[in-house]
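Alright, structures below, take your time with them.
Here subunit A shows up in two complexes: once beside subunit B, once beside subunit C.
Right after this comes the complex of A and B.
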């Protein structure tokens, strides 16, 4: 008996599958290009209007919406008195994320080392699962906990004010990036063969020396990449930071307790007021902020991927 | 010598304490949400809608379900298509380009995705706050997780089986659907489950795409805002009323329960499939 070949065997099916999946793959690539180009074109009037003042000004003011006339710069106009300076937000993003990394990097390395070398292999899957659950907790839940538990705790410190501010945002961010870093550092260390650890022990070192002087240096590239990826994540984190940062406008923090604001948080908190700007310049300036955040995270991620790639190559040998 | 071993023990103790602290933080956050949220989980919140500062969560639960379902539908088609192309059809430069793009996409901040779709779909195309805008935002955000896990799962199909099929005269489409897919199914499903958990917990990309609605979501793709659980957590906790706080905690608890369940399911699923395959 001769069976008719399946439709999947027809030449047309090969062309169709190759073509359709190719379109899907193209979509994935195009989304990134489209987002960047679209936001940049939309922000263009703001880029021209704000000029370099965007990167040197600390005042964000959508202007007098009830006044008459308008201000025009470089051929683009906004409401009278409108100024859009992003220093407060750029500083806030970089400051909260960097401080969070200062706490989270040593902490995550410690946790990852305990997971790899001190947790019994039979318990390790449970510990791993818990770390991954920690990564799965939604941003708003961390924000909720931060608002209700952490911020009042910080407010009790002398001179801390309301508690909403740089310190609260930093702690929440550190908590949020820790599981991501633990998982990646754990994986690069586990992927490294055990010989380095054992050889180092055989030379007469203690186990901690073996880890810090032999194992960790040998996976340097992977660790750097995981730190950069986590840094990128922290820069883009929105909701949890928004809920505890105190949403500073027009002022830089004078100490670690004072309110800050980040690019991601301000896009959420300022859009409603930006929509009232009849000239539309406030909305376009928010798009300029989004482009800046996009480019910063893009740069951090590309460096991280290159580091990871280089690490794969040199550590694979 | 004694100092050396004492030092060694000290560092390892600190390391283990850090691990315990990390796990303790998870328990503290979960216990906090559970203790505050559990008493607020009245049965009626599942069938009443939010009204101003109080009411139930029916609209938010239905909205989250709808947004994530439509988002998953989109991301399954595009994500699996992308992964199949990478594994089966792509030339080497295509493979590395798309993989790189997916890696980069996973690093794009969610609020940037949200703001882009707000300007492009909600405003420029005039869709208004809507199901489609919100679902697309979630789909873009979930895409890297789905593509990566499907890519890995499809790449792990043993070459011997794949080549055997080709040697018997099978063509790529046949191999994809009858050999590669069944083999890679657990890995692909795990990726979809993880993506579901991530989609359910997202807020930032939805605020200016799905909007918010106090009514049950309609199935209209555009011009009809949709409510969702994370929005309740974010806004109701800032209201000065005990009733609205209760709803925020209840919503947070529902989110945690759902995400923990999908994560654990995904995990046990993957481990089960790995162990059963090992025995074969």
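Right after this comes the complex of A and C.
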């Protein structure tokens, strides 16, 4: 008896399914591209007005709203005295995220390894659930905890000032990215066969040697990818950072206690002020900041994907 | 005959009720100044008891008040700052004074919080621009010979508003009008480019300023007078400021009223005027009109009626200008001449 192909195997259905999924994939790419394009178009006057000084200037000044006249550069004008320099914010984003990763990465790897190899099997499901719970806590909750608990704690340290600053922002970000990294690294390690660990122990190594010399190198690609993804998340983190960073304008931090500002946080805190700029240049400069952040996180995510792809290929051996 | 009289009564009642019915279910949104917010809440709580309108109040900062009134999201944008010429050119709005308020300079100096330090515009400008770094700086000591030895050698933590703020507007006006280097530098506005000062902190809203200064020793902050009770409760001190005539004055009803009298007569028809750094021996240097920024073109008739009714009530001597509302926030009522100007602007809403 000749088997008739089922409904889903018929050529038309194949084409339809392929078409639908293709459109879905295309749409998600299209949305990102369109967002970037529209944002860039809106920011274009600011891009021309600010020029390269945007990436070298530390002063952010929307100009004298109550003065007369205007300042014009490259054909676009703003209120007198207006100058938009983004160094403080770009530095703040990169510094807080990098420092947070320096704290969080070793800690997360160790926690993940402990979850897989050390934690008692009975406690493991609870521990795993707790980690996933932490990853799901909204960032504003972290921010509020930071404001109420962390900042006063930091303020007690000698020379710490008000407590709002680089240290507080770094700690909050480290706390936020740790659960994500722990969960991802744990999954990557579990996906690897357990035999690498067992084999290493059988050869007479300690569990520390097994983890650092055998397991870690074998999941390197996955770990790198998860670190980069967490870095991208830290770069874009807005609310929690906004509440503890001290909202620095025009000044770079001289030590870890001084106020900082990140691109994401400054867009929120400066938006209402920018709306009072009747020339509109302040809003467009904030949009330019958003484009910069977009491109930075896009680059980080692309590198992460490439690392993951490379890892998949090399780990198949 | 009876049927006719009943019908006539019903018709008459319906006609009488129509203007009330227009305002009955209207909703108004007020947003903006955190300095005006406590008074607005007192007003709305009382007003809603006798009128069938629902008014929502929000404390978001004068900058937001102005921009949301312009965009039409809010019917009343509360602002301590009047609009700039550039903003007025974009969308002509009514800047309607509702009350007279003031601002104090608070500080958190252990041991000195129940004394009134003497501070001047140039000294405060020096602090906020980083030239005066320590509380025992010679310039501060020179103004406070009585406490010179008690001033600690500690870095000053200058707190400013990070949101678009009317308090920033009147504070920076005081600095601009009294200190030429500040006028040519950051100038004044609801948002200014604060000079880079180590340990300077930004806070959101007047409540944020109170909280930050309370938890940060050696801070200095500019806070609206409607929060004077809160700052006293928090144990913060407030300064006697040098006025234009060379006297150090505290924000009291007498000194605020003196400043208002000195400049009030110069108020133009559109009522956009600064009352900061007024002349007069007893004038307090940081006072301002609390403005309702309103779009003169209100499309919806019921909203328009409710809006005009509420605003007229707030500037009326038997309504919002009563002592029982203003005294708890340390505001002053509008002088009769200003009430007339405000009412004239309210009439322009169509």
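The working rule: the second predicted complex is superposed on the first by the 291 of 317 C-alpha atoms of A that agree within 3 Å, B and C clash if a C-alpha of one lies under 4 Å from a C-alpha of the other, contacts with A are read in each partner's own complex, and residues count from 1 in each chain.
Please note the rule applied: contacts are C-beta pairs under 8 Å (C-beta built on N, C-alpha and C of every residue); 3 or more make two chains touch, one makes a residue touch a chain.
This one's a predicted model, so the numbers in the text were calculated from it and none came from an experiment.
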| item | value |
| --- | --- |
| Touched partner set for A:273, first subunit B, second subunit C, both or neither | second |
| Partner chain in contact with A:76 - subunit B first, subunit C second, else both or neither | neither |
| Contacts of A:14 with subunit B and subunit C, given as first, second, both or neither | first |
| Of subunit C and subunit B, partner touching more subunit A residues | B |
| Touched partner set for A:127, first subunit B, second subunit C, both or neither | first |
| Contacts of A:197 with subunit B and subunit C, given as first, second, both or neither | neither |
| First, second, both or neither for A:61, with subunit B first and subunit C second | second |
| In the complex with subunit A, residue positions of subunit C that touch it | 60-61, 63-64, 66-67, 84-87, 89-90, 157, 162-164, 187-202, 204, 212, 215-216, 219 |
| Footprint of subunit C on subunit A - complex, ascending | 58-62, 64-68, 79, 81, 152, 155, 161-164, 246-251, 254, 258-259, 269-270, 272-276, 278-279 |
| Subunit A to subunit B touching residues, read off their complex | 6, 8-9, 11, 13-14, 16-18, 20-25, 27-29, 31-32, 35, 38-39, 42, 107, 110-111, 113-115, 117-119, 125, 127, 129-134, 136-145, 147-149, 175, 178-179, 182, 206-209, 229, 232-233, 235-239, 243, 264, 267-268, 271, 283, 286-287, 290, 293-294, 297-298, 300-302, 304-305 |
| Sites on subunit B touched by subunit A in the complex | 4-5, 7-8, 11-12, 14-16, 18-19, 21-23, 25-26, 28-30, 32-33, 77-82, 84-86, 88-90, 94, 97-98, 100-105, 107-113, 115-116, 118-120, 140, 143, 147, 169-174, 176-178, 197-198, 200-204, 207-208, 230, 233-234, 237, 248-249, 252, 255-256, 259-260, 263-264, 267, 271 |
